[in-house]
Every structure is written in C-alpha cells, then in structure tokens.
Amino acid sequence: MDPSKSQLMQYVPVLMLAVVAVLFSAGTLAASSLLGKRARRSAVKDTAYECGMLPVGEGNTRLSIKFYLVAMLFILFDIEVVFLYPWAVNFKGMIREQPGLIFGSMAGFMVVLFIGYIYALKKGAFDWKQ
Amino acid sequence: MNPAMLSLELAVIGLALAVLLIDLWTLHEFKHRLGYLAAAGLLVILVASLCCASTGEPPATGFSGMFVQDGLALFFKRIFLAAGVLVVLMGVEFRDRIPMGLGEFFTIILMELAGMMFAASANDFVMVYVAMEMMSVSFYILISFQRSRSYSLEAGVKYLILSALSAGLLVFGIALIFGTSGRTNFAVVAAEGTRLAQNKLFCLGALLVLLGLAFKISAVPMQMWAPDVYQGAPTPVTAFLAIGSKAAGFVLVLRVLFVAAPALALHWGKLFTWAAALTILYGNLCAIPQRSLKRLLGYSSIANAGYILLGVAALNPPGSVAVLYYLAGYAFTLAVIFIVLCLVARDSDDIAVLAGLNRRSPLLALALTLGMISLAGIPPLAGFFGKLLLFKAVLEQAAVHRSYLWLALVAIAGVVISYYYYFGVIRAVYWSEEGPEMTPIAVSAPLKVSMGVCIAAMFYLGLCPDAVLSAAAKAVQALRF
Amino acid sequence: MQACLFYLFAALTLLCGVLVIANPFTRNPVTSAMFLVLTIVSLAGLFVLLHAFFLAAVQILVYAGAVMVLFLFVIMLLDLKEEERRKIKAGAGVLGLAAAGGIALLMIAVIRQSNAGVGLKPASAEGSTLDLGKRLFTDYALPFELISLVLLVAMIGTVLLSKKDLK
C-alpha cells in the first residue's frame, strides 16, 4: 500500500466516529419518539425548564461589543498559531540546509505580530473593565 | 532570494511600523506631526526610487518568481509613492474630522501603499491575491474610519461586502487557472499560453480574475460601489481610492493580460471594447444630475476608468503607454481636486459649498478650476495629452478592426458629455450666488506646496511629455503583445 | 469507496450551503450559522479525500471553531428581530436567482466543453503538513510574510473600530 493511501486510512476511525455519532443521535431521537408514552401537550409543558424561573423575554440578549473585540483578536492570533504548526514540523529538517530561511521567515512574521500585540496591549484592548 | 530587491517596500513597511509604535507614546496634540514624519519619509523613499532608476534594468525576479522589479513596477511605484505623500498631507489637514486614531490613520495609509507596491511587482497569482487583500483590508478600515458618522460606516460596509464578492471571483478564477495549468507563476502560465488559450476552463479563470480586478478599477460591470463609497469615505481616503487603488488595479490588469496570458489577450479585444464603451457611457451619464461633489467624482472616476480601458482595449504597445501616461496625469489632477475638497467641503460636499470660493480663496478656486479642466481633457493640461494618446492608440487599431472606430466615437461622446458637469463645478466656483459662509480659507504651507507641485506636474505632463513618455515606453517593454 | 465518500461530502456541502442562505423553515440566523458549520465540516471531509490533511484540520479548528464563534458573537451583537421581519422583495429575489442560475449554467457548460484535468501532471507535492510547510517557507515565503502584515492591519482595524473609548 502506498504511503498516501495509508495516511488516508488513518481517517477511517474519524469517519466511523462520525457515522456512530449521527446514528446514535438519530437513533435516540427515533427511539424516544417510538417507545415513549404520548402525553397531551400544552403550552406550559412545552416551556423550557429553567430551574423554576419563568423564561420570559427574548432568548438572545444583545452582547457588549467587548466580546467582539476579544473574539476577533483571538482569531487573529489563532491564525498565527496555525502557521506555527507546519513551521515546527519542518524546523528540524530545514535548519541544516536553509537555516536563514526557516528561521528568518518565522522571525519576520513574529516581529510584525508582536508589534500588533504591543499595540493592542497599549491601547487597552485586553482591558475588560474599562 | 534577494531582500535588497524589496528595499522600497521594506522602507515603507518600516515607516508604517515606526509610525505605529511612536504613536503609542505620543500625546494627542502632537499626533499630527506623525503625518509630517510619514510624508517626509515617503518623500525620501520617492526620491531614492527616482535616483536609483537603474534597479528596473534589466528586470529582476526573485522570491521563487513571485516578485519582479522591472520598469513597469517602478513606474507605478513612483505614482503610488507620490500619491502617498499627497494623501498623508491631506490626512494631516483632515485631522479635526478624525476624532481618534490619527496615528493609526497614517499607519494604515502606509500599509495600503505597501500593498499597492507589492501589487505593482506581482509576478504570481498568489502574490496578486495577497497584495489585493492587503489593499482591501486596509481600505475597509480607512473607509469606515469616521466611525461616529453613519455615512462613513455605510460606505465601509458596502465596500466590505462588494470587495469580498470580487475577491471571491478573483480567487475562483485563480483556482481555475491553477487547476488547468498546474502553476500560478505568470511566466510559467504564459509559456503554455497557446495551449491553455484553447482550454475554455482556463479562459473562464482568466475572465474571473479580470472581473475581480475590474472591481478595483471600478469598471463596468463592477462599478456599482464607487459613488456611494467615494461619498461616504473620509476625503483623503477617497483620494487614495481614486488614485492609488485604480492605478494598482490597472497595473494588475496589464500584467495579467500581457504577461500571464498574452495568447488570450489577442482574442479579447471585443470584450474590452464593450467594457470600455459601457464604462464611459455609464460614468458620464450618471454624473450629470449629481449635486454631491464626491459622488460626482465617483462617477467621473468610473468614466475615467473607461477612458483608461481604451488603452487596454487597443491591445498594442502605444495603448499601454497611454494607460501609464494617463494614470500619472490623473494622479496629480485628482490630488489637487481632493486637496481643495478637503479644505472646502467640511460639513457637506454639496456643490453649493463652492459658492463664492474665488472670493474666499482665489488660490483654491484656481487649483480646482485647473483640476477640472485637466479632467475634462482640455489643453494644455495633463488630461488632454493623456486622452490624446489613448485616442491615438485606439484609432491605430481602427485601421485594422472597424469596431474600434465606434469605440472612439463613444469615447468622444463621453468627453463631450463630461464638459457639462466639469464646467458645472467651475461655474459654481465663479458664477454662483454667494453662499452664507464667506470667511477666507487658510491654506497651510505644506498643502500650498503640494498643490503647487501638482499643478506644475499637470502643466509639465501636458506641455513637455517627452521624459515621462519615454519612461512609460520603457516600462511597457515588460509586456508582450 | 473514495468516490462514494466524495459524492456524499460534496452533496452535503451543497445542501448545507443552500440551507445557510435559503432555509425554507426558519430565518433564524443562528440556524444559518449552524448549517455553515456543517458546510465547513463537509468541506474538511473533501480536503481529507484530496489528501490535504493539514488543510482539513485547519478548516475545522479555525473555521468551524474560531470563526463560527465570532459569527455567533456578531449575531448576538445585532438586533436581529428587525432583520427577521424584513421581507425580501420578489423582484430582487428573481433577479438574484437568475444571475446565480446564469453563472451556474455558464460554468457547467464550460466544464462540460473543456476536458478538465486532462494532460495535467500529478501534483508535485503531497498535501501533508511537512510538504505544505516546506513550500510555505521556501517558495511562498514572501506571501507568507505579507500575511503577517494583513493580520496586523486587521488587528489595528479591530481595535480602532470596536474599542469603546480609544486612547
């Protein structure tokens, strides 16, 4: 078996898990509706159970813009980390032949993002209380 | 790998990062000095690029063929740098209307500029995309910079959505080109050009890439955004959109057409003829009823994209020379107009604010008039000679294909229509009833100098075209026809 | 087997993609967002079938994870009751459908007429993390560095446009 094929085979368990997850959730839903006892429905019975509190008002309250700021900064740094992974995988192999390239490319990348980090820090983007 | 090739871009990026960092430790009342710092830095880089003219000859490619430094790239980089200096100076003048983040305003303008410079040197579709994204992301922020003004935010959202759509088309096109050719490098794609030109999927890819680029130059059918965004964006940003973004779009169109797919370009004369004709007519006809000056300039910018497309549609070297020449003149013409708008159109940009301008500031009135005359294409200013070159290139082709004749006729009709609204502006300056606001307008020394330079450049390009013309002719040697 | 899975994931991607924008049962944006997650996951499945394993993992981590969280945040930032009440104009809907259908027909016609993929050399590198990283840090080093600048600009923009009282 050629190596790329075998790599693909590693994903068979993932596929199996996905199939099991779909079957299980569909199965439980089906089973409960098939086996469960039918009761009369009423508006009170259909309300969500909230520890005795009455669920009134809109479900989605509007959030503060602060959440957006944090989420967005998280994504930006997340994307940065994504690039670090192939870099780390290649580091050992490339450091012998092209040390300047493998080191310099990530150093440049990091310096620019570090400046961004300093900027966000100084502007108080991570300050929750303000 | 040769980092020295990137020296101009690295200098601009370094300047941007320096401005960003210095801003963090600068008190609010001194922040406008960062603008002068940025302008001075850009001026030094511009002079350096002019002095080291040897770098474009012979053309050098680097970074695995991603980046090319040739005459064409340098020609456009000089336009961008000059535009950058003027826009930053406008930004300093505009500072009372930017409530916060003045330092970032200059930083993002510089980043935008770096993106345009990378676009001018792109030699690979991946670079095209990354440079375009750099420009677009910067513009999203710059356009919505006045975040307490709903116009600015609305313009930002419109630009974001439509730009994302056009970027999607661009990436899809690149994917199809990559899928059919297996490569993204311009030179490699061009080497297999004749075989690929038979492949319909490749043609579709190239078409989608051109559509994505048409958004940047605001040509039909991707022109819808221009008037709204031009009106809503802060005036210096509008100037940068009109000058820099358009020029960057055109350099990419020229490169994609005549470097990456010259075999295909030959068959697409009709497509560009239609695009140019429709763009000219749409821009000029819609500009007629406009009362808002920035909206008017938005439609005028669409019309001008049409005129410049004449040079592309001609598919010959004189056409491309004319494109370069026209863009150089257009940059200075628009810069002077937007400097005046920055100073005059403070609260509203209705044409009525120009009433009595010749009394309030004869200098500004004269500058605006000269700018409008140049846009209208009346001798002896830059716009006239640029249009002359474009028409000449099209008429040369008309000898071979008859269809170019009616394209020239449409373009002439467009120019005649445009007289109406350009002279409407001049009339508002000199022959309108005096407005309520009659206080004289003070013009700061840096802006006086920049207006002087722009006006001098407009006369220079209109009267002594030889030097720039030969530079443009040398620049288009990078293209194949 | 692989062809079966390809058609399964491709069909799922298309179906969920349509449900994101035109769900006949609800106009709740959160439902749309959840279908977007399904679209992204099925795309990741397609990536795995193309041996682009790293891309598949990133697709799930970044898009289905981080970007979707951001989408949900933004949905909760906005007053969506207004949006849900808004009627879509019939004319705009018809024109939009016509435009999308026209483009789809054009693409199908073009793909049918060109024998896509014929005469291509097999991909020069596998989609493994090692190969991808090698290309990224050698041939594509310059675009990679530019990405950092794009991220920096985006970071500045985020802080500028959403910080309540900027210093």
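A, B and C label the chains in the order they appear, each numbered from 1.
Note that in this section a residue touches a chain if its C-beta (ideal position, glycine included) is under 8 Å from a C-beta of that chain, and two chains touch if they have at least 3 such contacts.
Quick caveat: nothing in here was measured; it's all calculated off a predicted structure.
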Note = Max Cα-centre separation from chain C goes to chain B
Task = Go ahead and name the chain pair joined by the largest number of contacting C-beta pairs.
result = A-C
Query = Per the centroid of Cα atoms for each chain, what is the distance between chain B and chain C, given in Å?
reply = 30
Ask   = How big is the gap, in whole Å, between where the Cα atoms of chain A centre and where those of chain C centre?
value = 15
Task = Would you kindly tell me how far, in whole Å, the mean C-alpha position of chain B lies from that of chain A?
result = 40
Query = Which chain A residues sit where two or more other chains touch them?
reply = 101, 112, 115, 119, 122-123
Ask   = Where in chain B do residues touch two or more other chains at once?
value = 1, 20
Inquiry  = Two-or-more-chain contact residues of chain C, please, as numbers and ranges.
reply    = 138, 141, 147, 149, 152, 154, 156, 166
Residues on chain C engaged by chain B in the complex (per definition of touch) = 106-107, 110-111, 113-114, 116-117, 120-121, 138-143, 146-147, 149-150, 152-154, 156-157, 160-161, 166
Key: Touching residues (chain side chain C, partner chain A) in the complex   = 2, 5, 30, 48-49, 51, 53-54, 58, 61-62, 66-67, 69-70, 73-81, 126, 128-130, 132-134, 136-138, 141, 144-145, 147-149, 151-152, 154-156, 158-159, 162-167
Note = chain A contacts chain C in the complex at 4, 7-8, 11, 14-15, 58, 60-63, 65-69, 71-76, 78-80, 82-83, 85-87, 89-90, 93-94, 98, 101-102, 105-106, 108-109, 112-113, 115-116, 119-120, 122-125, 130
Query = Of all residues in chain A, which touch chain B in the complex?
reply = 101, 112, 115, 118-119, 122-123
Note = chain C partner, complex, touching residues on chain B are 1, 13, 20, 63-64, 66-67, 100-101, 104, 107-108, 111, 114-115, 118, 126-127, 130-131, 133-134, 137-138, 140-141, 144-145, 147, 179-180, 182, 199-204
